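These notes concern the structure reproduced below.
Labels for the chains are A, B and C, by order of writing; each one numbers its residues from 1.
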Amino acid sequence: MEVIVRNLRIAFPSHQGMAEAVRGVSFTLKKEKLGIVGESGSGKTLTARSILRLLPRQARVEADRLEFDGIDVLRADEAALRRIRGKRAGLIMQDPKYSLNPVMTAGAQIAEAWRAHRGGSGKAALAAAVELLAQVQIRDPRRVALSYPHELSGGMGQRVMIAMMLAPDPELLIADEPTSALDATVQAEILRLIEDLVSRRGMGLILISHDLPLVSHFCDRVLVMYGGRVLEECRASALARAQHPYTRGLLDCLPSLVHPQRQLPILERDPAWLGP
Amino acid sequence: MNSSMSPTRAYLLSDTPQSRRQAGLGRAYRGWLQFRRNRLAMAGLLAAAVLILASLAAPLLATHDPSAQSLPERYAAPSAEHWLGTDEVGRDLYSRLLYGGRITLGMVVVIMVLVAPVGLAVGTVAGYAGGFLDRALMRLTDVFLAFPRLILALAFVAALRPGITSAIIAIALTAWPPYARLARAETLTIRNADFIAAVRLTGASATRIVLRHIAPLCVSSLIVRVTLDMSGIILTAAGLGFLGMGAQPPMPEWGTMIATTRGEILDAWWVPTLPGIAIFVASLAFNLLGDGLRDVLDPKQG
Amino acid sequence: MSGTRDAGRSPARFRASLSSLASVPITLGGLILVTFLIGRAVPIDPVIAIVGDHATPDVIARVRLELGLDQPLFVQFWIYLEHLARGDLGHSVMTSRPVTQDILIFFPATLELATTAILIAVALGVPLGVIAAARQGSRLDQAVRVLSLAGQSVPIFVLGLVCLLVFYVKLGIAPGTGQQDVLYEGMVPRLTGMRVLDAALAGDWDAFWDALAHLAQPALVLAYFSLSIITRMTRAFMLEALAGEYIIAARAKGLSPARILWRHAFGNIMVPLITIIALTYAGLLEGAVLTETVFSWPGIGLYLTGSLLNADMNAVLGATLVIGSVYVGLNLLADLAYRVFDPRVR
């Protein structure tokens, strides 16, 4: 399983012409954990979603190469894309309050993902859903399966989301800010869960976040994005030796107990980072 | 930004307005630009403007006296003499349509002038005061909201003498509740805002807060609602006229004109149909206009 | 750490439904009060309004006594309520029958008309709205939007007249006014008051087709307005639902477009849609008044306009009260449906 992105460009029509949200992003991904870090508006969500071509209708996508395991995502038709989505790659989104269907039970949504790609009867799918809920460490899987999303806490909802996306047993998991909407205590749990499941199933992972230390902790490689571009790409272990002033700025403004400072340095944005 | 823009346009579109007036005008201008892009809404605006102007200028535009009868010429087909033909007693249809526009639009305007302020007042007071006053006012609003507008208007007009005044009062009585509801909903959203708390801290009385701070913010959604409602009220007023409960003959109200001539639909079909088209165009114009206004002023409701 | 919040299912839902139900007597009470006031306080001489200009002096005196017009207003109201509780809506000058009996005779025809109209409107409007939303911006979508807008602006009585002109007079493919051809008058025993149903129940298929043919035009005319509203609201709701994050999640699951459209998006709008349909049905009652007048359809609308022309106050108020009550009832149903079907409110 290999994802190849070369010179990805995504733009949206606006009153003043085309607004470029992603300007020439390139990276490759094999069976590893890639973290994409950036602030809001850096284009990280769009980049990740473009792999499955899940962009809004008005988006204009162009790339020299955009391939999922050899399949040209840009030129594939909807039917071909549907064979990738779910079955070969899953997407976890930020807030389960909105990303889960409010009028379907958790179990029904997971079972639906199961049945769409593995077939079988409704009963078998529901049983599989309960099993998956147990795998994501939910203590009372049967009750949760019969619950509606609004009856679940944030952490629970996100576990349901994970179970739902893992049901078809994909090769790649894209986690778009999976913990940003959760309490701090739950964040670590969910991330460990994701890391555990991904490792055990031998999946690739793209973890998107605005939290640099978090990403560096859980991923093998890190991509730093700003203004629609990739400013830096390095191994997570080598992050402390990052070159780009933006990355350095992000690292420097993190409070540290080991090297306490009187004042945290302020990140000075250089317009040159937005490129030509 | 284009350096070849005219100074007025630059003033209006500036990102850093220097005065409240500039900010207000700028917002209005931007709203206008957005409105202009909507072709249907512009069509509605144009049609409504034409209707209003034609009604106002009726004495100048009419070719005949709308009440001048001429029995030998009954049900005449459209000709150079009578552009749209004549009705059942030989009156010029074109002139009657023009004057009918005055009646219809006049009724609608009077109703709106009565209904919108009352609804706004009830809604903002209920929303701001809360508690028992709120519940009582909302109960009252709900009761009137639950009545079928036309039916109640009919009953009311029947009790009074059928005519324009009764029709106006009757429609107004059932038309105000949605505005109260709307104003209350807006007030509830605004009332907890920080700037209201700030004004209250400076010692402003409740009346002042409601009048000068809350009410103006409700106005834009109220305007949208009024415009959209106008189309429905035009239909209701015409319906009353059609049932003989609105403006009475010989007044050239469009609905009344249809009622008195519907028997002739076989032979002189244009006589009852043309007023019908007029009603349709008027209602459609305000519908389009209201839709366009809503897209500009109240996008989340679209 | 507890993961599941118990939303307190049954008690909260019950309490909310209870408050809905509680508001009904107040609303009905208001309706009764308003009709009473219209009947007594508004006219110059309430008695003349009821008995007409040509009544003899002793009739006038009797009615005056009956209504208790020499008593204070609230005593009159009490008398009015007493009559209502007995089902006595007074006597109609126009038909010389008790108003209640009149209403029982005329109401079924309106029910037949309104129900047929709403069924047409829902059967056509909902799919149209869904498809228009699914193909937003397409030709079909634009056509649907324009037609809905036009449908809401057309005066129903004009549409009715034009249809009669075109389909009955010029093209001759539709029958004329009335519920049935004169030929079939009195041939089908009256069971429900709905000719189509009665004819089917009696097995008289000629009469059945005739009744159906007569029902077609007024039902379609009445349906057009509600069709426009239902289509527009369905489309608006669907567009909102399709913009939701869970739709992206559903797409990410690799589900088919049809499933996403119907099971996920449409599934989310069913509840507000039912509310709209119930409210539209209530609005049809008003449209029925005008449509019945145009097509001489013997329903409560025609009864109301007839009594208006005859200045028959009892009949007018009686019909108003009945129509108003049905309207209130439908509003309540819409509200309850919302509470029953939306899992979030549970």
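Methods note: a contact is a pair of C-beta atoms (placed from the backbone, for glycine too) under 8 Å apart; a residue touches a chain by one contact, two chains touch by 3 or more.
Remember, predicted model here, so these are calculated numbers, not experimental data.
Of all chain pairs, the one joined by the greatest number of contacting C-beta pairs is B-C. Distance between Cα centroids is largest for the pairing of subunit B with A. Centroids of subunit B and subunit C (each the mean of its C-alpha atoms) stand 25 Å apart. Separation between the centroids of subunit A and subunit C, computed from CA atoms only, is 51 Å. Contact with two or more other chains is made by no residue of subunit C. For subunit A in complex with subunit C, the touching residues are 49, 52, 54, 78, 82-87, 90-91, 93, 95, 98-104, 112-113, 116-117, 138-140, 143-144, 147-148, 150-153, 155-156, 161, 164-165, 168. By the touch criterion given at the top, residues 40, 139, 142-144, 146-152, 154-156, 158-160, 231, 235, 238-239, 242-245, 255, 258, 262, 265-266, 269, 272-273, 276-277, 279-280, 283-284, 287-288, 291, 302 of subunit B touch subunit C in their complex.
In the complex of the two chains, the subunit C residues touching subunit A come out as 2-7, 244-246, 248-257, 263-264, 267-268, 342-344.
Residue ranges on subunit C touching subunit B, taken from their complex, read 23, 26-27, 30-31, 34-35, 38-39, 42-43, 49, 146, 149-150, 152-158, 161-162, 164-165, 169, 236, 282-283, 285-286, 289-290, 293-294, 304-305, 308-309, 311, 313, 316-317, 320, 323-324, 327-328, 331.
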